[in-house]
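Worksheet: the structure to be examined is printed underneath.
Think of it as A, B, C and D in the order they're written, each chain with its own count starting at 1.
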């Protein structure tokens, strides 16, 4: 590395910092030949929808939205009236990082927040919230949303997902899965996407494309087709219908056909594990959560965190002062190791 | 053309059928190098915003949204409370083709529709609507929106724009310009974008990128910076903040730096003129509106229109049975001429 | 009348100018004894609901809202999603006098307006609007709303109502009736409320109490009980659940049990007919619409209208310069005759 | 008391169970003479507004809404855009008992909830919430709402109110006061309404009429007149403009002119104190909060609470199993004492 090169050349503050992966790019390039009907009436959108149906081994309804904020909020709005409520964890993205988007799209549905120090909802927490009130002075519980993997990098097991779905069915609640990093959960669990979703009882999945290597776009997958009624109108009215839809849908074709969707997720997960392995047991440094997907959350002395910043490493500060590192499809092990080295060096200086 | 080739190879049903232009593509390619901060905190977004400020010769506030539905609706929502109303023409896209998006984003602002057979608002029509009611039982007029060029392919002259702005100022109304094809109006009028907008009295412009050759994205340009207060929050909440924003902003850099934004618009306009020139005066065929931008609207005998469909030409049916043809940045004069030839042939058969 | 008395002592500008009728007052007085559970869990609300079920001869769902704006808007919101549309006449109150309330409560449902010079919707107009568009770029038609009697004082006959309901059923639309003066239509037609509503195909009725002699309050009556699902939550969230509900419901008990609801309406209708009879055929004076309920709409020379104003008579100016006179439960024939006399005198002066 | 009389004849489950007080009734009766212009353009509404301006010793803007849900939600909506947030206590009525009304009226404003075991907000809690986030991914804090007295029956002192207002001013937040029982706070503190509100820094007050003896209606009082811009349109659109407004406004004239608003509050407070005095120190019975207004919250053994229910006493169960008793303008000391006697008896049986 020459003296003038920036250090580090890669950041792990967010998996949104990565660009477009080669497979998505190739599909966009291919899709950019000649003319195509607008608003999703094109072959690429048909192919992408079919590919998702094939991946999920069921005749689900598929829609493409621009980003996760909209995908999740529109899906929840499709399930809720304004006087309904959505049960979520206190660390869920819909609660902490969407600037009130779910409330906006649904015209007022309230989020009922279960305190979840590790970001995971449990059947017990769902039941407690769903049954806490049953009078008309409080929004009526209607949906449970879980993030898979969670915002803390944890993965719901098949059993955990099924248990949550069971309590939802018992209580008459729908189950929505925020899967902005769904591929990473599949990579961790090694099971079929169908097993993790509709076979486990999930009604709607928002499957993230952006964090999987696309420029823009998420797929909203309705396993319960009745819930998808008029969802195309909803997307249109909410400014989520792309005129040149092929550029949102084609990347899915490339990602799914090539298996890149899973390969990239595995790579990202492996980079997280690689970092975790190198910092585990360091004096004063603690993994805040088991590393199960593509994120590492470290609690470390303030001198270590300030030292990382001084060395040029970016990261989000998590609850209680931890540092979040996220790995994308293009994370370079060289730089993962560089980060680990810096952490080790800083930690040893403190100890 | 070999016998097996589809005929026609290019369609002019919509300028949304075209793909990504080379200049936009090149910028995306260049932007897809390495990592970049998310949510617009990247250099490409800074450069694109600066390029737009430079183009408009003023320190305007710039935001990037995914599509025109959202750009226009969010801009109007920023100007309106739910009990306000928006004056528009009866052929305006916000009235006829946004599935109630302006009402949705603003939580109920009503569109006050001026009947406009040619799609153009006039100061008289604005005044009549704005002054028709002043009681609290009717939404309070707050904004005028004009489409430049109109949905009928007409261009507001500088004088017309200024006259509309004058009546807006007099009546305390804001002036919004839906510029999904703004470049085409600039190409027609040959004047500076600043002259057509803020110097003429426009408060907010939604500048279309998609119809100018981008994959996705529109720029919302606030000339009155006070109106842009918290617009970033508004975009975020409404699902219009791209995480990998550079892919929305970089194409603007390429389009503007190269002059392609204007060159493409001129080409599209020229193709419209080319078609118009070849069908003008045909028996039974009539140009519904003067051809001033990139659209041609034809009234023709039903046999002609059915004949075009039979030959494989797609088009939208316009009010009263006309046919709309729109030309994009990549319109091929060969196919424009082929369309003209088919129209002539069919018209002569009818006559 | 002494010289110092105001002239006229009664105005017919609006039937909202009248106060509380004796029967409603007596019920409020009786209800104001001791304590009662809040939010509608009281005996008066139970009795009022039962009285309405009895009146309509069916097990309908009944809710009480504060005013017509809310009753109609909430009922429409219960039938619509934000991307739906509501077919109404161009003179309907929801279009002309609710300040965008239907759009607000539904979060954006658009009103599709059928031009109706006399205020009446027709099956043809409904069909034309409902079938004009079927693409996702335009709000999906979902409900038809008719005002019975209309804002022009006309009454839909049983046959007309049934014909409208038939086209609704055929096209998959729900039928809502704005009955802010429903009693007056019953008085005119002399048929059972059930015949005019659910037996004719009406799904939801907003039955006006205020214009029938109450201080405040309208009944929302769902004949299709499935449509009433969670309507209590909707009322609560929208600020339409009265804590001391008995004062909204008790007047219904008094009005219905005594037959006053119909007697008052007959009286008001008779006063309208009385005025009409005295001005019919006057030179230059024209009844804009047949007088079928409690309103009289007069077209008259400007000198006549100005003369009325000069004499102290208030009225709303209707489309094209007409004068609207509305008669309430307490209209005094003495003053009706005084108004007629003044019109005759002024008209003769002009002629 | 005869054997057949119900026991108890009066309930203290809610101060909404009481009817209309004599002074409000007398004003309604007086207002129900003859005709009056609709929608607030009547003399009673003018008189009521003036009476409130006089009470508050300032030229405030006054509006009348139907109930507290709407008054508070509309006031907050007037202060907020959809992407703003409202800081409130975890026990505030807007958070716990309005079924998402604030979110509905504002189209998505989020409530930021400060955990407040006694229901009171503090400057520290406000500062912590207001400063916790300042990025666009989280709703922007804009308003603080405090309930005076709180839902736990506590009263903010003048100093506490001023301290909260000071932190609001420092942080650029507006201060809203939910005063559904505002009269009771005035009665407790014995200071001028002006001191408790605008002189202390309150921008908007929702002054409760219903709990003060009216049938229906709350006054929304804007001390900062600029914040009231177009509030009349907002009320109309949201279904909160009464056509026969005089029946909402006249009771205010009666209550204020006679001093009954304060006298009734004092009586209700005294009844609460009377109960508290008789149960203080009972074995196993605990006052959950100091009794400062018209509510008493008791923690008591389950046998005591069940025993009260068995004896016919109604009450709301409060957090952690407490019992809430609220006293209205018409609370009868005889029945207050009867309740106290029953509690004592039951408590002694347990001890």
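FYI, contacts are C-beta pairs under 8 Å (C-beta built on N, C-alpha and C of every residue); 3 or more make two chains touch, one makes a residue touch a chain.
Keep in mind the model is a prediction, meaning the values are calculated, not measured.
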Interface with more contacting C-beta pairs, comparing A-B to A-D: A-B
Farthest chain (mean CA position) relative to chain D: B
Mean-CA-position distance for chain B and chain A (Å): 34
Rounded Å distance, chain A centre to chain D centre (Cα mean): 43
Of all residues in chain A, the ones touching two or more other chains: 39, 82-83, 98-101, 104-105, 107-108, 136-137, 139, 233, 236-237, 241
For the chain B and chain C complex, residues of the former touching the latter: 82-83, 85, 96-101, 103-105, 107-110, 136-139
Touching residues (chain side chain B, partner chain A) in the complex: 9-11, 13-14, 16-20, 25, 28, 31-39, 65-70, 73-74, 98-101, 104-105, 107, 210, 215-216, 233, 236-244, 246-248
Complex interface listing, chain A residues touching chain C: 39, 81-83, 107-108, 136-137, 139-140, 230, 232-234, 236-237, 241
